[in-house]
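Input: structures, listed below.
Below are two complexes that have subunit A in common, paired first with subunit B and then with subunit C.
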Partner chain A sequence: MTQFSRNTEVQGGTLMVDPITGNERWAVHARGLRKRYGKVVALAGVDLAVPEGSVVLLAGPNGAGKTTLLKLLLDLLPPDGGEVEVLGRNPSHRGHEVRAGTGFLPEEVAFPFGRMSVQEMIGFHARFRPGWDPEYAQYLANQLELRMDRPWKKLSKGEARRAQLLTALAHRPALLLLDEPTDGLDPLVRERVLALLAEHLVETGATTLYCTHVLHEAQSLADRLLILRAGSVQVDEGIEELRQTHRRVRIRSRAPDTPAPPAPAFVVREEGRSGEEVRWVVRASEADVRGWAEEHACDVAHVEGVSVADTALAYLTDGGDR
Partner chain B sequence: MSPDSTSPAHPHGTDAGWDLPSGPGFLALVRLHLRTLWIELPVGWVVLGGLAILLPVSAALHAASNIDPADPSVAWLAVAWLLIPLHFLTIAVAFLWPDGVWREVPPGGRLVLDALPVGRRAHRMARVTAGLGLPLVMAFSVLLTAVFLDSDPLFGAVVAWVGGASGSPAGILAGLLSLTAAYLLGSALAIRFGRVILPLSLLVGGLVILLLIVDGAGWVAGEMALQRWLFVGHWAPGRTLVLAASAGSADLAPALLWCLIFLGLCIWWAGRHDRA
Partner chain C sequence: MATPGRFRIDPDDPRPLYVQIMDEVRRAVVGGALRSDDAMPSVRELAGELRLNPNTVQQAYRELEREGTLYILRGRGSFVAPTVDRGALRGEVLRDLAERALEEAARAGVSPEELERAIRDAAQGSGGGDDPVQSQHRSSGRDVDG
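Now for the complex of A and B:
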């Protein structure tokens, strides 16, 4: 697959467990993080603890505060309150060190020097990164099929996005902050980029915050789901835990022409209702659902697992804040 | 995962074992952005750089020849008359370049630079400093040309605008300092207000209105004092910014003083508006 071994060190070390305390290290740790833009609340006291090596899928509707959160972690914006530590540093005091250990793919496809070729743009970034790996950068350039002599200003959005991705990965950062990394990519390139990201994460073990609206494409990479809504954390759970606790069920009232009962507390989202039948995404065990159905004179017509993307969607719809 | 088990309350962070080397230092950043400027503005460097060499060489050849000053060639006239627009073009670049550095041009571009592992303040100052290179080369060329043409009586009136005191090395230094002061004032205004032209126009317009008010009030002593302070006096900022080397004497001290004042403003405002 690649000439880089699985043991390649992440910048700053490979330890997943603190050898002194035996505890996991928090790559990102925030408490009560707040940010406003005038009267608009972007983050309303976010608590967050991301263990080293974790890949977090960061989801939420537009304006939920995802991009603001990423910018606060890099000290690109000052917080209005709360505490935050990234890679063991307070970004407000040691932002340049935090940025040294971070690969950031911003939402905006921009570079201030439009005449630079892709090669020169990559060289520009390399000079800022002591841990830059030129061989790995070349490997990424080949995989991403970058045309190195093209001036930046003549790149399509997809080409520019791929070049940006290279600059985020080639110094093997301990932390990756990816804001809509596949935005503007065609389906084929998107697949290739996702495969490359998966390969990178397996090899480096980098802690990752992957911010996206296209949840299904990244769910296989992630081990945690974090949903921001209206500036607050609505869901922060492990992917496995979500898979085990959430399911899609179809409930049918036993009495003919009797509508199914209203949704109980364990329903995250009602996906549809027609006559005596209703479809829900629930946060409950199958036994609990069957017990509830029995009590309410209903049958459980169907039970199935639900994907992480659908679970997230359930929480993101209006009914998701039950 | 619950964040309660540890606290991020340590003011500078706990380090927690991550070894994170920072990016390049200030001088390396300046070098990097000089190279970037070369890539971004190749025509500007070639054209202005060519003029920067051509002008003083032509003037030196003219000074060495025995051409009748009463009957100069068109080429020599062109050299002489090029000096003034070039001088003001240099000053305009000095004011406008920092505008582009400190504003978010193009949109999102500043985010990319701010996300690099160096101090933002140092990085922007390095960009501003690197941008000073071309105007300095031009100013040096203009002043050197003026040195050669200074002895020519025909061109005396022309070069008096741009290099009346440039017959001495101190005159050239004063001219370069005045340009640097203009550059730093442009930077300071761009940092503070996000633009250069508008606050500069307001500043100049405000001073003119102030002069008119003083004049209208018939306060001759006040008008004289204001004019002297702004444009004529030894420490006059106006003369320092535009005409420092044309006053018949090399005013190093005021040029240096205004350089330091504007540099201080840059650093102060950069500190306050670092995250703007």
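Now for the complex of A and C:
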């Protein structure tokens, strides 16, 4: 079971602290990172500190800057301003070292390999990846049901995605940058890919930025949520903290035919409203909501937990940035 | 050996995910699905099965070891402790069940007495053959999105 593992047990917490300085260690650290394409601002000053070994769910609407951020981290694009350090290195100066230590799954499926077979394409990648493990690559190929003799240009989108995933994982990089890793995969393969990723993270402890619109399938894999909106960080918080601080509530006006009051500041998103009743995702304790309801002549009809995926959705919805 | 698919976690449940795993394991021990010295799934297996962050699973196992439900053999994995006090664990599981049911009832404006009566009626209506510990699962109300 553990023949591929480098360290079977991730030393929870201890990995994130420098043994000499005692400081927390960051796999990615950015300050005021800016990028524009002509007049379009892609990143408007991003501050980011990703602790070593954490798994960050990176969400945001299209055009929020997610893909741009990943590309700046790998020096595939130059920043217009700000500072960034990845795996302790400045990507602008030591980009090849950063890329060698990273498994990158780009958003787009590229087909530059023409007549090469899957096997040849994988061999091509292996030559440039220090730490490439042929046995692990074979294991992944089996798990992903990749047909090695298929010519690259004849692959379906899903097959190409699986081959790309293999090349991102098989050298067990310290950093994984995954841009929509399950995009184009059928439901069964999605399940398998997510399980493989979870197992991979147990064995490698890799720091991961997991970029996706399909939040529910990755929400329990992550331990941090990062939301980008219009090129800025809107949310950057631990998963458990989000789960503890957010609730879904249903509030009802006590007086008949009286609409529920407008949303107070602790409401992240109004999910629905009908007559006397309103449904909100709130950032508040149940006691705070009850206190507010008491003051506004309302009953709290229901309180429940809210998943990280729904919390993220609440922040992503227009008006969710109050 | 615990079979895959036994443990379930609920992303809408506000309890921390590692606590949910702990409760699932305690229930399996109380219900007899996990017996003394049974091997637990490895962290890798359980993380893969439930798509969980490695630290979540490790934290659950660490806490279960600390409370004496599991013991860890280095290099071999985690096992159910033969010394585990099933009576006490059963009491804990039941108390947790009752507290959560009472909370839900209070939110729906139902008194403890009404709830008790409703439970008896429901148990009679359904034949009452189920082990209450195994059959309960849905806790927090999910009627909102219905």
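A few notes on this one:
We adopt the following convention: the second predicted complex is superposed on the first by the 307 of 322 C-alpha atoms of A that agree within 3 Å, B and C clash if a C-alpha of one lies under 4 Å from a C-alpha of the other, contacts with A are read in each partner's own complex, and residues count from 1 in each chain.
Here is the rule we use: a contact is a pair of C-beta atoms (placed from the backbone, for glycine too) under 8 Å apart; a residue touches a chain by one contact, two chains touch by 3 or more.
For clarity, every value in this text was computed on a predicted model and none was experimentally measured.
With subunit A as the common reference, the superposed partners subunit B and subunit C fit together side by side. Look at A:139: by the touch rule set out above, it reaches neither subunit B nor subunit C. By the touch criterion stated above, A:55 is placed in contact with subunit C alone, subunit B being left untouched. With both structures placed on the common chain, the touch criterion links A:205 to subunit C but leaves subunit B unconnected. Counting the residues of subunit A that each partner touches, subunit B and subunit C differ, and the larger count belongs to B. Of the two partner chains, subunit C is the only one touched by A:243; subunit B is not.
With both structures placed on the common chain, the touch criterion links A:114 to subunit B but leaves subunit C unconnected. Once the two complexes are overlaid on the shared chain, A:308 sits against subunit C while remaining clear of subunit B. Touch criterion met: A:93 reaches subunit B, while subunit C stays clear of it. Looking at the shared chain after the overlay, A:223 reaches subunit C, while subunit B stays out of its contact range. Once the two complexes are laid over each other on the shared chain, residue contacts for A:195 go to subunit C alone; subunit B is not touched.
After superposing the two complexes on chain A, the shortest C-alpha to C-alpha distance between subunit B and subunit C comes to 18 Å. Subunit A residues in contact with subunit B (one complex) as well as with subunit C (other complex) are 12-13. Contacts from subunit C toward subunit A in the complex involve residues 9, 11-17, 42-45, 47-59, 62, 107, 140-144. Interface of subunit A with subunit B (complex): residues 11-13, 15, 18, 23, 25-26, 29-31, 47-51, 74-78, 83-90, 93-101, 104, 106, 108-116, 120, 124-125, 127-131, 174, 224, 236.
In the complex of the two chains, the subunit B residues touching subunit A come out as 1-3, 5-24, 28, 32, 36, 39-40, 42, 105-120, 275.
In the complex of the two chains, the subunit A residues touching subunit C come out as 1-2, 5, 8-10, 12-13, 53, 55, 194-199, 201-203, 205, 216-223, 239-240, 243-244, 247-248, 250, 279, 300-310.
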